[in-house]
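In what follows, chain A forms one complex with chain B and a second complex with chain C.
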Partner chain A sequence: MSLFGSLDISGSGIDASQAWLNTTAGNIANMNDVSSTSQAAYGEQTPVFTPVGVAGQVGDGVTVASIQEGDTTGIVQFDPTSPVADAQGNVRVPDVQLGSQMVDMIQAQFDFQANTASFADAKTAYQSALTLGT
Partner chain B sequence: MIAPIPPIQPLPAPPASGAAAAGSGGDFSGSITNALDQVQQAQNTASTAESQAATGQGSVTDAMIQATQASLDTQVTVALVNKGVAAFTDIMNMQF
Partner chain C sequence: MDGIVNVLQYAVDGVAQQQQATANNLANADTPGYTAQTVDFETSLQQALSSPSGGTAGVVVSADPTAAASDGNNVDTGTQLVDAQKETLQYQTMVDMLNAQFRLISGAAGGSFS
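Coming up: the complex of A and B.
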């Protein structure tokens, strides 16, 4: 760990929340995807966060271990005008709820803001340490 | 009968204060030079991260974090240099 370890730790948190924002944006962007019933639908993506470092010691922050893909079964809808509709007129759309995605995005945004606030506080603390003895 | 006078023992060697000081941490200019080298390295890392962020190859947050670390490194080194120079000036102004 470098001289200013907490800055790196806050940076890893910022990177993690940015990944969360990216997956949420991807989910919203793919919300209206339409695929034929013979193919899988778009699966809702969720990042999996794991801590970095040895247990029992001060860690090195957080990392995105993997991007979990949700249910690709989706929802079968009746849409005979779609060019990918099957013989019965059905298509497969992703099971992504806009409401829960927006809530996830607000959570990721607050996560980002909390990490930047912790970063700024650590910087202020380091700078105030330099004024010791003056 | 008078006991013979023992020969004079040689004085114990004085403690090598200079060598011990050099071994424990080096001189002031050497440590400041090392610190400035590391500051230079941090600033090089920061400028690399900034150019990567500007060209879209890195993230802006990484560049800002590297720049903040380089800035803090510089502030620490400057504070230490100022303290050392102040101590030197105090000794130079000593009145006898």
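Coming up: the complex of A and C.
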């Protein structure tokens, strides 16, 4: 563990929460996408968090291993007025639920805040260590 | 294990490790399947201090036994945030005590007590 290790760990947590905020923002921005039934729908994106560290030792934070793309089958809807509607008047829309995205967003925001709080605590402790012997 | 400065030095490092574990638990608050870590240095320090022949104090990292939620993660964000505050205060207190010891040593060595 490096010098001021706690700060790096909280930083990794802040980065991970930021990635999660970004995917929820992207999902909400794309939830009204419309594509033709011959094409894939927008797939809901979810970051995959993985702990960093060696077993038996205090961990080194978290990392976003990958961004998982959800089901691109989407939902086939009847919308004959859409410019991309097929002969039957159907279009494909993403299977993104606003409710669950909002819940994810709030959770990511709380994670971000929790990591910021622990960053501040570690900083206070390290600052007091710098007063040693003065 | 003797001398208050040695004990404090050891305890400061122990609390720093605890703080790192807390930061790590918070960073992984939403990692599926993650098990929270706890760091114990107090038990071995206590043993080393109470045994007449001394002993070696060590840091033990273990898994938090709290039951996991449906995603296999058992980090309680509230508890961890309280721990983070507690550890910071503990750290500061011990640094203050170390500084007090250093002032005593410096005074005894003919320097200033303040």
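Everything below uses one rule, namely that the second predicted complex is superposed on the first by the 129 of 134 C-alpha atoms of A that agree within 3 Å, B and C clash if a C-alpha of one lies under 4 Å from a C-alpha of the other, contacts with A are read in each partner's own complex, and residues count from 1 in each chain.
Keep in mind that, in the parts below, contacts are C-beta pairs under 8 Å (C-beta built on N, C-alpha and C of every residue); 3 or more make two chains touch, one makes a residue touch a chain.
Given the structure is predicted, the values throughout are model-derived calculations rather than measurements.
Colleague: Just checking: does A:56 make contact with chain B only, chain C only, both, or neither of them? Give me first, second, both or neither.
Modeller: second
Colleague: Considering only the touch criterion stated at the top, classify A:3 as touching first (chain B), second (chain C), both, or neither.
Modeller: Touch partner of A:3: chain B, not chain C.
Colleague: Which of the two partners, first being chain B and second being chain C, lies in contact with A:118: first, second, both, or neither?
Modeller: In the superposition, A:118 touches chain C alone.
Colleague: After superposition on the shared chain, which partner residues are touched by A:18: those of chain B (first), chain C (second), both, or neither?
Modeller: first
Colleague: With both complexes superposed on chain A, which partner does A:110 reach: first (chain B), second (chain C), both or neither?
Modeller: second
Colleague: Just chain B (first), just chain C (second), both, or neither: which does A:128 touch?
Modeller: second
Colleague: Which partner, chain B or chain C, is in contact with more residues of chain A?
Modeller: The partner with more contacted residues on chain A is C.
Colleague: Do chain B and chain C touch any of the same residues on chain A, and if so, which?
Modeller: Comparing the two interfaces on chain A, one with chain B and one with chain C, the shared residues are 10, 119, 133.
Colleague: Along chain A, where are the residues that touch chain C in the complex?
Modeller: Spelled out, the residues of chain A in touch with chain C are 1, 5-6, 9-10, 12-13, 16, 20, 49-51, 53, 56-62, 107-108, 110-111, 114-115, 117-119, 121-122, 124-125, 128-129, 131-134.
Colleague: Once bound in the complex, which stretches of chain B touch chain A?
Modeller: So the residues of chain B in touch with chain A come to 59, 61-62, 65, 68-69, 72-73, 75-76, 79, 83.
Colleague: Given the complex with chain A, which residues does chain C contribute to the contact?
Modeller: 12, 15-17, 19-24, 26-32, 34, 37, 39, 61, 77, 80-81, 84-85, 87-88, 91-92, 95-96, 98-99, 102
Colleague: Would you tell me which residues of chain A are touching chain B in their complex?
Modeller: Spelled out, the residues of chain A in touch with chain B are 2-4, 7-8, 10-11, 14-15, 18, 119, 123, 126-127, 130, 133.
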